[in-house]
Amino acid sequence: MENFQKNETLRMETFSDGVFAIDITLLTFQLKAPSLKVATSNYNLGHALLQQWPNYIAYFISFTTIFIIWLNHHRMYNVIRRSDARFMFYNGLLLLLVSIVPFTTSLIADYLNTPAHELSAAIYMLLFAGISGTLLRMWIYATHNYQLLKRPAVDVRIVSIRTSLLISTVTYTVVAGLSFLVPFLSFLVGLVMVVYLARLKYHRDKVV
Amino acid sequence: MENFQKNETLRMETFSDGVFAIDITLLTFQLKAPSLKVATSNYNLGHALLQQWPNYIAYFISFTTIFIIWLNHHRMYNVIRRSDARFMFYNGLLLLLVSIVPFTTSLIADYLNTPAHELSAAIYMLLFAGISGTLLRMWIYATHNYQLLKRPAVDVRIVSIRTSLLISTVTYTVVAGLSFLVPFLSFLVGLVMVVYLARLKYHRDKVV
Amino acid sequence: MENFQKNETLRMETFSDGVFAIDITLLTFQLKAPSLKVATSNYNLGHALLQQWPNYIAYFISFTTIFIIWLNHHRMYNVIRRSDARFMFYNGLLLLLVSIVPFTTSLIADYLNTPAHELSAAIYMLLFAGISGTLLRMWIYATHNYQLLKRPAVDVRIVSIRTSLLISTVTYTVVAGLSFLVPFLSFLVGLVMVVYLARLKYHRDKVV
Amino acid sequence: MENFQKNETLRMETFSDGVFAIDITLLTFQLKAPSLKVATSNYNLGHALLQQWPNYIAYFISFTTIFIIWLNHHRMYNVIRRSDARFMFYNGLLLLLVSIVPFTTSLIADYLNTPAHELSAAIYMLLFAGISGTLLRMWIYATHNYQLLKRPAVDVRIVSIRTSLLISTVTYTVVAGLSFLVPFLSFLVGLVMVVYLARLKYHRDKVV
C-alpha cells in the first residue's frame, strides 16, 4: 500500500510537471510578429517591435514566475511522502490557476497602454496571489501533524516556509489593490517576488 | 515477455499522460483577452470580461472533467497488469475523444448566449458520455475473466466500478437529450459528475 | 559505456514520445467552432457543423496515423539496444516530418471542397510516404549486420517488417500520384494503412 | 543528500526536455495553409504554397537548431553530477531563450520578402548567439574547478567544448551584424552551425 501511494504521488508530480512545462511554453504565443501593412524598412520593423515592450515584460515576468512556482512545487514534493485525496484536490486547483496565467498575461500586455491597465494589473497580481495562496494551503495541510511528510519533521523548515508563502500571498494581494493607485508597481513587485520565491528552502540540507 | 509487456503498458500510460496534460492545458486558448476597439477604461474592460462568463464556466467544467478522467484512467492502470492490442485500441479511442474536448468547449462557450446553446450543450454532454463509455468499455474488457488484472481479483472493485461508470455514461447521455428542454442543466450535471467521478475507488486499499 | 548508450537511447525515446504526444494533440486546432455572424438556431449551428465534415475526417485520419506511427516507433525501439549518431539523425528527421502533419491536415481540410483538393491530397499522402520511408530507413540501418539490435537477431522479424514498411511507403507514394485521378482515394487508403500499420509485429514474442 | 541532488538534477533535466519538445513542436504554427479567397485550382494552391518558401526554410533551420541545442544540453547533463542554484538559474535562462525561437522564426519568415529582412535576420541570429552563449556559460561554470562534474575530469573534453561553444557564439553574433550587408548569410550560417553543433562530443567515450 505504501508503495502504491508513492506511485500515485510520483505520477501526480509527473503530470503536474507536464502541465507546468506546457503552460510556460504557451506563453510564447504572447510574442507575435507585428503585422505591418505597408512595405517596411528595418526602421519601421524595429519601431513596431519596440512598441511591443509590454508584451516582452509581461512574458518575462510570467515565464519566471511559473518557473519559480514549479521550483517550489517540486521542492515541496521532495519533502512529502505521500498525498491523499484532499492534497490532490489542492494540487489540481494549483494546476488550474497556473493554466490561467497565459490569459492574464495577454490581458496585461494588451491593455498596458490603455486606461484599463489598472484593472488588468490587479487581475494579474490577484492570480499570482491565488497561486501562492494555494501553495500555502498545500503546505499547511501537508505539515499539519506532519501527516504527509517524508523526512523527519525536524529536517523540514515547516514554519519558515509557511511564513514565506504567507508573505508572498499577502504581498501579491496588496499590490493587486495598489494597482489602481501606483501604475507599474505590479511589474516591479512581480520581479521582486520571483527572486524572493526562488530562494525558499524546504529542508535543512544544503541542496538546491 | 512479461517484462516486455509491463514496459509496453508503462509507455502507453506515459504517452496517455502526455496527451491528457496537453489537452488540459490547451483549454487555456478558450480564455482570450477581449479585443476592445475603443479606448477603454477599467469599467469597460471589467464589463467585457464579465460578459465572457460562459467561457469561464466552460473552461472550469472541461478542465476539472479532463482532470478527473485522467485520475480514473490512471487508477485503472494501477490495477492492470498488462495491456493487449484491443485494450490499446480502446485507449487510443479514449485519447482521441479527450482531444476533442477543447473543440466542444469552445462550441458551448461561443453559443451559450445564442438560441443554438441547446445543440452545443447536447454535443458537449455527448462527448463526455463517449469518454465515460470508453472508460467503461476498457474496464469491462480488462476485468472480463480477470484477464488483464495485476492485483488479485478479490482486491479489485470490479462490479462497483462497472456500475459507477455505467451510471455516469447514462447520465451524460440523458442530459445530452434533456439539453433541448432544460437550459443550463448540462453545466450543473457536468459539475456534479466531476465530484461523482472523483470519488471512484478501483481497489479496496485505502489509498487515494 | 554500454550504460551510457542505453541512457542516450532512452532519452531520445522519451523526447520523441513528447513530440508525438504534442503533435497528435495540436491536431485539435483543426477543429474550430464555426463563426456564425447571424443570430443562430440549433438548425443553423448543426448545419454549419455538418459542413465542416472534411475537418473531422482529416482530423480522424491524421490522429490515428500519428498514433500508429508512434506505436511502430516504439515497437522498433523495443528491439533496439543502442542508437548511434546516424540513427539519431534519422530519428530527428522522423520527428520533423511528423511535426508537419498538422500543416498538411489543415491543407487537405481547407481545400477539400475546392478544385485544389487533388494537390492537397497528394501532399497529404506524400508526407505519410516520407514518414513511412524514414521508418523503413531506420529499420534497414538498425538491422544491417544486426548492429543496433538488442534481442537475438533470430527473434526479430527483420525481413517481414522491412517488406511491410516498404509496402506502406510505396502505397502512400502511389496514392499521392493517383490523387489527381481518383478523388477521395487518399482518405480511403489513409484509413486502410492505419489498420495495416497497427498490425506490424517487430519480434516473435506474442506481445502487443 | 547526494541522492537528493541527483533527483533535483534529473527533474530539472526532465522539465527542460519537456520545454524543448513543446517549443520544437510549436514551430508547426509557422506553417499555415494559405487562405485563398477565390475558388482555387491545383495551380493556384501550388503557387501559393511555393510563395511560402521563407516559412519552410525558417521552420527547417529553427527545428534543427532547437534539436541540436537539446542534444548538446543533454550531453552536457550526461557529464554533470549535480546542479546548484546558480546552474539552475542558467538553465532557466536557456529555456527562456529557447522559448523565444518560435517568435523570431515567425519574424524572419514574415519579413524575408520585405526590406526589413535584414533586421529580422539579425534578431534571429542574435537569439541563437544568446542560446549558444548560455550553453557556454553553463559549461564554464560546471567545469570550473570540476565542481559539478560526474565523470573524472580527465574523461571530459573540458577545453575543446569550451572552444567550440565559444566559436559558435561568436559566429552567430558576427553573422547577426553581417545580416545588414549580406542577405541570406544568416540562413546559410544557421544551417552550417547545426552540423557543427551536432558533432560536439562532451567526453572521450565513443558514444553518441
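By written order: A, B, C and D. Residues from 1 in each chain.
Throughout what follows, a residue touches a chain if its C-beta (ideal position, glycine included) is under 8 Å from a C-beta of that chain, and two chains touch if they have at least 3 such contacts.
Everything numeric here is computed off the predicted structure, so don't read it as measured data.
Most remote from chain A, judged by the distance between CA-atom centroids, is C.
Of all residue numbers that take part in the contact between chain A and chain D, under half occur on both sides, making this a different-residue interface.
A straight line joining the Cα centres of chain A and chain B is 26 Å long.
Multi-chain contact residues of chain D, defined as those touching 2 or more other chains: 18, 22.
In terms of inter-chain touching, the protein chains here make up one closed cycle, each touching precisely two others.
Chain pairs that touch, as defined above: A-B, A-D, B-C, C-D. Residues of chain C that touch chain D in their complex: 1, 4-5, 7-8, 11, 14-15, 18-19, 22-23, 26, 83-85, 88-89, 92, 95-96, 99-100, 102-103, 106-107, 110-111, 114-116, 118-120, 123, 180.
Interface residues of chain B facing chain A in the complex, by the touch rule stated above, are 17-18, 20-22, 24-25, 27-28, 31-33, 35-36, 39-42, 44-46, 49, 60, 63-64, 67, 70-71, 74, 78, 198, 205-208.
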